[in-house]
Structures are given as structure tokens and as C-alpha cells.
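Here come two complexes built around chain A, the first alongside chain B, the second alongside chain C.
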Partner chain A sequence: MVDRAETPAPLIRQPGVGSLLLGWLRSPGVLNATPVLIFFLIGFVGPLVIVLAFSFTPERTFDLGAGFTTENYEHIFTESYYISFIWSFALAGLTVACNLLIGYPIAYGLSKLFGRWAAPVMLVLVIPLFVSENVRLFGWYLFLIKGGGILAGGLKTAFGIDTGTLLYEPGTILMGMIYVYLPFTLFPIVLGLSMVPRDQVEASRDLGASRFQIFREVELPIAMPGILIGALLTFVLAVGAISEAKLLGGQNTPVIAQDIQHEFTYAQNWPLGSAISVLAIVVTGILVVLVMRRLDLDRLLGRR
Partner chain B sequence: MENKRWVISLIAVWTGAIALFLYIPIFSVITSSFGKSRYFRFPVKAWSDKWYDQTLGANLTTDLHLTSFYVAGCVALIAVVLGFFGALAFARYNWRGRQFYQRLIMLPIFFPQAVLGLALLLWFTFVGVLPSWEAAVFAHLVWIVPIVTLVISIQVYGFDAAQEEAAYDLGANRWQAFREVTLPALAPGLFSGALFAFLLSWGNFPLSTFTTGADSTVTEWLYTKMGSGYTPMIPTMGALSVFGAIVILFGGYMFLIVQRRRRLERNE
Partner chain C sequence: MVNAAPILRMVNLTKQFGRLVAVNDVSLDIQEGEFFTIVGPSGSGKTTLLRMLGGLEKPTAGDIFLRDERVNQVPANRRPTCMVFQSLALFNHKTVGQNIEFSLKMRGESRRARRERGLALMNVVQLPEDYYDKSVTKCSGGERQRVALARALASDPDILFFDEPLSAIDYRLRKLLEVELKDLHRTTGKTFVYITHSLEEAMVMSDRIGIMQEGRLIQIGSPNEIYLQPRNKFVSEFMGEVNTLAVQAGADGGIDCPAFERRFTSPVKPDGFTDGYLVIRPESMRFLNDPSEAENHLEGSLFNEYALGSRVQYHVSAGGSMFVVEKLREQAYQGGLNDDVLIGWDAKDSVLVTD
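Here is the complex of A and B:
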């Protein structure tokens, strides 16, 4: 597990005397990072600043110079907007929990048991990811719809059972989210589990550890960075989910992303939409920073 | 490591069941696209491929796919170039601030996409850029460049920088060393980076919906149509995109395997 990136740059050695800053700016690492960093500044930091600025302008203005107010944030809590926050975060939390339970055994199989079958199985699990989310959710709609749907129609023909529709329930949205985000939980866990050295598991077994002890004391701590990344990624994506609630929930369940879209299209209230966005960003941002601080990315990506 | 047989079987069955679960909606879409009737009913009484004729013949289909293709193609190209340099800074060189940089550029991945799309729309309005498919390329890049950087980084971690030094010792100049040593060694990473970028952009909806303006991609059209009721063109268009994704993915996978085999042969 030698960390290659920790060795000093082999090609160009900076003397480091004289102007240190200039030396730093001309070091190959900084030079190579520059294009991405500039892009990051224009494409990510800029937009965030604008959203933040807009969230403090008076209602229904489209101009940043219109004044300063915090009433957009007050609206979120005094009107019913906070309900979508509760729904979105609850659904996202449940999605993460279910996906960890569903994904862990599969990840364990992929990284420890399947051997040369792991790559093809992985491919089978990846392919749906590249079919647009909307197409797949529409497929669920066709599967679940009342009367002529594949589930209802199939059950009726095969067993003569009449089922109502399963659509338009919060449970269906949850199923849709579990479905869409499972790969995002799964693959980071595979990455994390493949960091568990075989010898260490065997050593602890020789020392008399039970299967559960191995899981709790060896596998789980070592695989934790991968599990954390998977959980975080799933949570954040699920908080921003929009199609699930619309296509499977029939708009009975309010979620944040829909509120935001509504404010920016039909309601034409950009400041309120921005305030909702900022609140969502702050909550997910805190989680992201907390998790990121614990990660050693070099180890996670660069072993072998 | 002796794992008990039944444990392996259990996990294999579980994996199979979940894989099946992942494909249920895809099969549903394909099934309904071949149904003959105007409204989808299961079990399907009569099969037909007339919706394909109709869909493939429509100008709309060509327009939508071309827009999606332009966007995804540009995204893949630009993302690989930016990601290549980004990955060298990420994984190869050791420099002050690298740890911070690594975390910083990951942030757009861990960001609610609908919120990102909207923030970009506001930003474009502020700067004076009209929403269009070119603007959508930019929006996709914000999310996809970090992912491509990570994908290429994994390859860069495995690259032995001593090879480059050897090339210099043998009299290669910077460009030659880059072209003959570095680029071929990193090529698989660049290729998978491009493949990822293309497919993620092709299927993206939350970023496109805010930024394409009057241009419409396949996924946007599907979303709008689904909201306004069923027509057989929806599953047909969806099925076409399924076939497209499978062809591209398998093509890419095969290409990588052939490349690896050829490299092994050359080394023997």
C-alpha cells in the first residue's frame, strides 16, 4: 500500500529559495490543477454566490439591487414549505438505510466471493444506471399502474386476483428512490470492502473471532470510508430527487426539489426558490464537510 | 478463506434478485413499446412494431437525439481534457494544498443536482448567457468533470512515473515522453472517463431541465410527455434510448478488452 503521490515530484525540482509563492505557482501540481480550479470557480462558486444573494432580495424580484430582506427564510417556516423539507430528508434517510442493508451483502459478494464473475455481475448492475432515470421510472409506472399495468394485469390473468394501484403512495416513492440510488450506495461500498485485507480477516479468525466479531471489528471499520461515501452520495442525491415524487407519487407528496422548481417556473418567485435552495445546500453541505474530513482519498482510490 | 457454501449461494441469489429488480422497469418499457394498441394493457393482446416506424420516422426524434448527442459529445470531450490535468494534480504530484484541492473538486458531486441546475440558471441570467444546449454542456460539465477526474485519477495512481524518467534518460523530449509513454499508459482511464461522461450526460435530466432553454433533450421530452398522459411514443423513445445505452456500453467494454489483450500480446 505504497502511496505513490506522497513521493516528491520526480521531474521538476523547485529550489524553493527566493520567491516561494512563485515556486508554488509553477509547481507541476498547481499548474495541472489550474484549469479545473478556474472552471470550478466559474461553474460552481459563482452560481452559489448568486443563489445566496438572490435569497435575500424581496419577494418576486428578478434584480439583485432590489434591497435586502430575510423574509424569504421566514416564509419557509411560517408557510407550509418546511413540510417538504421533512418529507425530503425523511425519504432520503430511509433510502440510505434501506440501500445500505440491500447493498452490503451484494458488495461483499462482489469484492470477496464472486471472483472472476465479479466483473460481469458488476456490468449487469451498472447498465441500468446509464438508462435515463426518467425512462426507468416510467417503466415502474407502467409496471404498477392500475388495471392494465404489468403487475396488476399479470396477477389478474395468472391468479384472478384484483389489485388496486400501488402508485401515488409515499411507499412507492421510497421504492423508486431505493431503486434509482442503489448503485450509488453499492459501488462505494465495494470500493471500501475491497480495502479489507484477506490476511487480516484470516488472522482474526485464527485468533478465534466469530463471524459477527470479524464483521464488527475488522471489516466494518476498514470499509467505513467507502460506506460513508456511498451513504453520503445517496443521501444528497435523494434530497435533490425530483422525478420520483412526480412520476410515482403523483404530486401527493411534496419534496424540496419540486418546491424549488415550482417557485422558479409557475410562481415566478425567484427569491423564495433561492432561499429554499440555500437551506437545502446548508444542511447537505454540513454533512458533506463532516464526512469529507474523515476521508483519506489517496488510500481509497490509490491502493494496489 | 473458507466461506460456507450456503452463504455464497444466499448472497448470489440475493444479488440475482436485486439485479432482476433493477431490470423490471426496463423490461416494462420494452414490452409496452411493442404493444399494438393505443393504450397500454397487460397482458398484451397484439404485438406490433408500428410505433417504432412512427417514432423513427418523426423529425422530432432526430432533433431530440441530435441535441442529446451534441451535448453528450461535447461534455465527454471537454471533460476528458479538463479531467486529465485535474487527475494529474489529484493523484500524481505532491503539492501544498493537494488535500484541500481533492476535497474541493469533489463538492459538485455531493450536491443536489436540481439545486445545482437552478443555481446555474440564475448564474447564466446574471452573466447574460441565454439558456441553450451549449449552456447545458457547461452545466453538465460542472457535475461531470469531478467524476471524470476521479475515474482518471484511479489510472494515474497506478502509473509508474519512473517510466517517464526513463524516457527522458533515453533522450526523449517533453512532448515525446508525453505522447509515447504517459498518454498510452493513461489511455484506458481516459477512455473510461469519456464513456462515463457521455453516458451520464446522455441520461441527465435535473441539470438539463433548467439550462437547455428552447432546445430539448430526449430525457426532457420524456419528462414533459409523461406529465401530460400516455402515448405509445413514450415507451418507444425510452426503449430506443435503452438500446442505445446498451450498445455504447458493450462497445466500450469490448474495446477495452481488445485493447488490453493487444497490449498483453505486445509485451510477451
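Here is the complex of A and C:
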């Protein structure tokens, strides 16, 4: 005979925190996500935490325990590093703006007008993505280079016109970025526009809307999630762009990624490189959160 | 009314999509204030016809006149007409109020004037005022119908087009909305052009009905004319279940039915009738105790019976085909299944149609 506790056990036991946690860990969703979660923690969160920690260590140290300081962040603003922030964000902003202007009409054609020509057009837009970005930019480089370049050389041979070079200008970098990132703006807009029902467009026309009013009142609001996703994706990629500035800009125009690379390699100043990285991530992150709050991803992916 | 100039006139209207002739040589006048319904099965071209009238499709041939003005090339946004779509096509990203006021906003009316008109229209279609700021996605099926209706009425169009707006609605609500729509037609005095695949729905609401078959308008008439004098077998069968017998014109004014080797007394024959079908409605068919009780009769056996509420329907097997007989519940057949029965009808209750 075993002695029983004096108070009778309640009929339904309230689950404790421990069993709740255990239950959560055992749920199929969490179990299935575990491998990805572990990979994510080691491969993504871990390095980021290390970079964050380094950004607060004294200049030119390689030791996380060397002390705590915010001087790296001060350096960004007291020295000229903030200029590359301005260049990167300005170029990224301009890239997004130009790509929206170029991408929307193409996306509209792809989803509404081209019909059976949509697939070939899509293919033409996708095929360049199979070639490395650097190789494609080198192509532009050869095209634009002074004297022997395809453009300058061609003009000289054919018409005898002597031109300078378009290389090493911010405008050339922008062109390169527009060229490289157009598909990332375009395809989400195509997705967004494909959510615009034909009958709603017809109904608005029937109710007296002009072509522009249909665009403003019906097409734009309905396609907005796709447009925002495209803009965001392009912006995030463009802020981190480096090849365009290096190849087409000849390093005359400083961008963030170039600064970071410089600090981590040539300058051997990991703490400053880390601080620049963290600041870039924070600023971009804030923008992403601001945009994502307006988005309903479930609706975009057609789950509702 | 007949003498007044039609508000809408179609002359030899034709629409082709590639080799498919969707609408074939349709000519029709619709009078001001009329509730006209075009009925046809799916694929009969009725939606294409309506879309041409609304300006959403351009005719391949023929003309459309709106109050004597040719409008073939006038786009939808410049026609004084408005359509209620089958899908309703409500703007899901807008509120009830914004949907209703859409056409007013497009005209550049002030926010205050829009709101006033919007609330008045919500009253007309019996939507509660506090729905004004509600998202249309949160409205029920019936409420969405009302929003679509109010939205179409907002621009005060001369003609309202309806593209089967009630087809996706459950039976009880549909019956209610049919009545409301007909009442709305009376109170607004506007011209309604409605299309549906349900002749029953058309009967309830319409002043006149046009029947479409394979792109052609094959009969136009009041609900009564369509019901009592269907022009061909297609129209008569479109009405619902009817009894049809293949017949030929016989000697001495009667009609011969080869399948039963009988001669029946004939109703009024269409001009030049030689062969076609004798149509007898289920409610005109009676059970007889003796062949002398009706002008025509057939012997058969009772196969099955179906209660329809106020009426009872019987299937009677005779000569290898099934006949439908309908009686009021109070006059139900007293007897059992497989009884040998006599069914009969009088010539005046039957109609002769061609194929």
C-alpha cells in the first residue's frame, strides 16, 4: 500500500511551464524545422553575433575580449565613411525608382498584353541570370572602355567620331545596377499584376474610369504587395552592391560594401568593418520592417 | 409604349471570335423602362451580346443605337449604361462606401456629395448605414449583391445590364432578390436588361423575354407568350419538363403520331406545318377514368411519384417513353405504383412546335 497525498488531485491538471515547453518542442512543426533552425543559428545568427561583438571592440584588435568601445561607430561619422553610406543608399534608391518605372510597363505587358509572346519575352529576361553577374558587368566594361572599347572603337571606325569613355561615372554604376537588378523588381510586379482580376478592371471602366483612373484606383492598389516586394528586394540587394562600383565605377565612387571589404582585408581593421556592417544592416532592416508591416504575404502567395 | 422610340436598338448585331460566331444577326428593340431578359443556355452568346451593349466588346457587324445614337465605337466608360457582373467584380480593396461611390469619384464629385448619395443608395438597396466603412470582403453573399447593385445605380445610368448576378446564390436568397430586383425596377423606373440561363427567373421578373440559341435570338415575347406559344422544341423544353411527341400533319386536320400509331386532335397549327412536335405541359396532363373524359388519351403505367410541396409530379411509362403529369396536392392520384393508368389531354392545352 502506498500512501496517497492528502489533497486529492484535481480532475484536470493544469499543464506546467515545463510540459508546455516540451509539448511545443514535440509538435511536428517545430520538429521539422529543427534542422533548418540549427543550420540557421550556426551559419547566419552566429556570425552576425560575432560581427556585432567585434563592432564594439577597440580599433585593429582581433580579440573579442579586448574591451568595449563605441569609437568605431563614431569613426563612421567623423571620418569619411558616412559618404559611402550616402552613395550606396542613393544609388539603391535610384535603382529602385528606375527599375519600377522600367519594370512596371514590362510587367504589365507580360501579365496582360503579350499573350503567347509572354513566355519568350520572359525567357529573354531570365537567360542573362544564368551568366555570372561579374561576367556580364565585364561585358559592359568592354563595351564602354575608352579607345578600344566596343562602343568607342565602333564609333571611331564607323563614323570617325572620337569619344571619351562613359566609364568611371556614378551614372554608369547606376546603369549597371539597373541592368543587374531589373529582374528582381520585375518578377514580383508580374506576380502582383497577375492578382488584378480582369472583371474589376472592366467594372471600373464601365463605371466611368479613364485609363489612368483604372491604374490608380484598381491596378496599383491590388498589385501593390508585389510592387513593394520587388522594390524591397531590389533595394536590399542594391545597398550591398559592390561589383558595379568596382568595375564600372573604377572605385571612384565609394559604396558600403567596398568599405567593409577594405576594412576587413587591406586595412586589417575588423572592428571598424564590423561597425559599418552593423550600421548598414540596421538601417536596411528598419526600412524592410517599415515596408513589410504594410504587406500581407499570405495574400500575395494566394493562400487566402 | 409600343409607339415610343426604343431606348436601345440592335440591328443585325454579330460578334465573331475567330471562326466562332458568338452572336449571330441579332435585331431587337428595347423600350424605355422595360425589364427585358435574355435567356439561353451557357454558350448561347447572351453574355457576349450583353458585353457588346455595355461597350466591353466591339461588334463584328451590325449596329447598336442608344436613343437613336450609334454607339458601336463608344467605350464602356462613356456610355450611360452600367453593368452588374456575374462575379459582381466588387473592389475588394475598398469599403462598401468606396465601392458604391466609385463612379461618382471618377466624375470628380466632392467627398460630401458622394457620401450623401452613397448613403441614400444604401438605403435604396436596404443596406444598413453602418456598413458604409465596412470592407466588402466582410460582407455576406446577399450584401455583396446589394453593394454591386447600389454601385451600378450610383451613376444614374439610363440602362442597367445584369449578367446573371444571381446564379451563384442559394435558392431562398435568390427568390428574395428576384422580387427585390423587380421592385427596384418599379421604383427606379430604369430600363433593365437582364441575362440568365433560368427561364423561371426570367418569368418572375421580366416584361419581355428573348430566348437565345446558338447566337441567335429565336423568340421574343411576354412571359405568357413564351410559356403558352413556344416557337420551337428548344424553347418549349427550356421551360422545364414537358411532354413532347413527334407528330406529322395528318388528313382531316388531325395530327398523326407514328410512335403510338394514333391520330390526335390538333391545336392551332403554325403556318405550313408538316411535321414537328406536340408539346403538352405536365399540368395539362390528367389522369382519366375513361377515355371519353379527354379528347386524347394514352395507356400507361404509373412508374413513380415525387412530392413537390404544393404539387405532386408523376412519371407515367407509356409506349416506351416517360410522360410527366403534375397535379395539385389536393388532387393527388389515389392509387399505387405500377397501376395501369389512362392519361389524357385536350387539344387546346397542347402546342405544336417545329424543330
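Observations on the model:
Simple rule for what comes next: the second predicted complex is superposed on the first by the 273 of 304 C-alpha atoms of A that agree within 3 Å, B and C clash if a C-alpha of one lies under 4 Å from a C-alpha of the other, contacts with A are read in each partner's own complex, and residues count from 1 in each chain.
Heads up, the rule we're going with is that a residue touches a chain if its C-beta (ideal position, glycine included) is under 8 Å from a C-beta of that chain, and two chains touch if they have at least 3 such contacts.
Quick caveat: nothing in here was measured; it's all calculated off a predicted structure.
On the superposed chain A, the two partners chain B and chain C both fit, without a clash. In the superposition on chain A, A:Leu125 makes contact with chain B only, not with chain C.
By the touch criterion stated above, A:Ala90 is placed in contact with neither chain B nor chain C. In the superposition on chain A, the chain among chain B and chain C reaching more residues of chain A is B.
In the superposition on chain A, A:Leu22 makes contact with neither chain B nor chain C.
Looking at the shared chain after the overlay, A:Glu202 reaches both chain B and chain C.
Of the two partner chains placed around the shared chain by superposition, chain C is the only one that A:Glu217 touches, whereas chain B remains out of contact.
In the superposition on chain A, A:Phe40 contacts chain B only, with no contact to chain C. Shared-chain residue A:Gly273: touches chain B; no touch with chain C. Of the two partner chains, chain B is the only one that A:Phe54 touches; chain C does not reach it. For the overlaid pair of complexes, the smallest distance between C-alpha atoms of chain B and those of chain C rounds to 7 Å. Comparing the two interfaces of chain A, the one with chain B and the one with chain C have residues 202 in common. Within the complex formed with chain B, the residues of chain A that make contact are 4-11, 24, 27-37, 39-40, 43-44, 46-48, 50-51, 54, 64, 102, 105-106, 108-110, 112-114, 121, 123-128, 130-143, 145, 147-150, 152-154, 157, 179, 182, 198, 201-202, 232-233, 236-237, 239-243, 246-247, 256-257, 260-261, 264, 270, 273-274, 277, 280-281, 284, 288, 292, 295, 297-298, 301-302, 304.
Of all the residues in chain A, the ones that touch chain C in their complex are 197, 199-200, 202-210, 213, 217-218, 221-222. Contacts from chain C toward chain A in the complex involve residues 54-56, 75-78, 81-83, 85, 87, 89-93, 102-103, 105-107, 151-152, 154-155.
Across the interface of their complex, chain A is touched by residues 1, 3, 8, 11-12, 14-15, 18-19, 21-29, 31-32, 39-43, 82-83, 85-86, 88-98, 101-116, 118-123, 126-127, 138-139, 141-142, 145, 149-150, 153-154, 157-158, 160-162, 164-165, 168, 199-200, 202-206, 209-210, 218-219, 222-223, 226-227, 234-235, 238, 241-242, 245-246, 248-249, 253 of chain B.
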